[in-house]
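Each chain carries a letter (A, B and C) given by its place in the written order, and its residues are counted from 1.
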């Protein structure tokens, strides 16, 4: 039953990663923009949530406000700081958005102080639910549910709506889309806003169970990049599959590796090696995928 | 081609002279702080120069270069902790470890290009970070203090700040000279050539992958040297030395100073560290200024300092 | 009179980076006219198209559409004013289906009474109706060309620009395209055609422009072009 619990944890973590990765891959796939500050938006979502929930006294109101605030922040950021970067070298993107990370981390420190914040769960969500014989936290189930709904929404948006068609068209041939009357600048702002909202959602959802602190964006950002490299840059489907995969590997690895290693090593050696190896697992996975399929699992057609 | 005393040469001469005479100044003023600061600047300039080989000249955007600082530093730290204090053992160990890591990472990452390459080098560096953070025996997250600097059997006393500074400066100047020889050799031509047109290079008959891998390893070893120096400088090693933002700092130094220029990394290291020092006196939250400043520089002054000086010469 | 023209280019100069391609190009298209732009490769035909659409920045001159200056406008604004593009190389969207390619950018901004709808376009190109759910990349060259034309028609333009619409197509397919264009002309659509098939162009078009090294070197009606074999030989390397 521990396995089931860890699988659910892995699924939940993976889905959070998906929310982050989906935004990243959309922005990179359509706007050809490498945005390291995506993690900062994730962090802002968490900080906004902690603040608004404390102000309003309601978890859901606070969460909605945080989502809106992050969306707005993303749109403003795109218009002011990121638009000048379009069409430039990826190195320019990396450097420019790296500067934004520094800015946001310091801004948070200035406004909220160096110690992190906490976001307590409302009693209604702080319960456990019976799932196939084990008691699993209701809140984590909610995260899984919300993430799956968002994934479905994204799929419908991109594959079934006019806007989705325009997003896909813009991804493969920006100039031609413009020549057919599509306001690409507006489209980009919308896509970026969507990505920002997804990042903010991930940030606010994990806030009660994980962390609200400076620099939290960077740690998970790298994982998100690993996910889109494995899944294939530009592919949302790839991001979903890769994210769940990565989430499961990471969680199950951390949970069971020490025990597995104890079969062959001494107890102390096993725990040291396990700790080191658990962190490495994801990167090993990425290395393997890249060695076999450098374009990722679901490479995108087009450019 | 150039007059003997054009702006760039003059600028370089002034900077180098200033660096050579620095201990005289700080000795007279009794200002230990400035000497320490500039020792750090020189060491990081060595690291930035090594990155310039693959980034500035080779166009390989490695976002994991700080890993080698950490590897070099930890090599010294671990051996020191285990009772091996001789620099003659520590240094080769640091270089060998760096070479091995660079070989593995390079072999895997150089098969990719563009943003994939950036992310992979970043991921591998983070991996090393986590491994180091997991080494409880050597301090883990908190880091490891080094109680005695590398011993070189009396040849040179690294505990003497002035001697140490001159050693680092000598190594920096040697690095730049080495870089100059390297870039102007056939090896350098292939590296620069495969940056802009890999296929053409291959068509001419150069096994570009091998060359680029060699450059990658050279850069890694070089930076490992800087890491070993850094461990001696701070008497302390910690995983934070190779956190990915440190790699970002190195890239900033190379770009600030002017990519693909010999002295650019040095200018960049000086500028960034002096700027950090200066800004941190103005406000505790100096990164709020540095961040957007970096973005502005990327947008408007991509040639870096070297580019600006070059324009002075032409204009 | 200048303002009666649908499209009017006057002394347009365009550069790609440091090299100048158009050296003061002037042409005009009246409503309902079919006008061609001919010349050898590299003379500036596609650059002219890109200049009109705002896809390439122009340096000097004037481009007026329905009397309104459009030279500095971004591409999407030009398209919205009523210019439809069927580009060189077709450039259909590979990651959209045939149906999606047609529908994604469809519009009826001028509020035309009998607009081009999906149904009407599929009637014009029955082959596309069969391939409705195929991805863009799965079509043959001719089908892609039809799709590109249909896609532009779906934006209900006042002026349709076709750049090398018959290039690389089999003769049967080419004939079908010409038939289609003749039909569009009969329906009153203004068309700017770039192509190499002088004979077909003479049949379908009203006036012609010959471009050489970024300037118009000859202009005239179809009968005049047919008579001036020297022009054909000199500028079109027939």
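We adopt the following convention: contacts are C-beta pairs under 8 Å (C-beta built on N, C-alpha and C of every residue); 3 or more make two chains touch, one makes a residue touch a chain.
These figures come from a predicted structure and were not determined experimentally.
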> If each chain is a dot and touching chains are joined, what shape do you get: line, ring, star, complete or other?
Replying inline: line
> Which two chains does the highest number of contacting C-beta pairs join?
Replying inline: A-B
> At what distance in angstrom does the C-alpha mean of chain B lie from that of chain A?
Replying inline: 32
> What whole-Å value do you get for the distance between chain B and chain C if each is reduced to the mean of its CA atoms?
Replying inline: 55
> Any idea how many Å lie between the Cα centroids of chain A and chain C?
Replying inline: 44
> Which of the residues in chain A end up touching chain C in this complex?
Replying inline: 162, 165-166, 168-169, 171-173, 175-184, 300-302
> Can you name the residues of chain B that touch chain A in the complex?
Replying inline: 61, 63, 108, 111-112, 114-116, 118-120, 122-124, 126-127, 130-131, 133-137, 244-245, 248, 251-252, 255, 285-288, 290-295, 298-299, 302
> Within the complex, which stretch of chain A touches chain B?
Replying inline: 28, 34, 81, 84-85, 90-92, 94-96, 98-107, 109-110, 218, 222, 225-226, 229, 233, 272, 275-276, 279-280, 282-283, 286-287, 290-291, 294
> Inside the complex, what are the residues of chain C that reach chain A?
Replying inline: 53, 55, 74-76, 79-80, 84-85, 87, 91, 93-96, 100, 103-105, 107, 135, 137, 151-152, 155
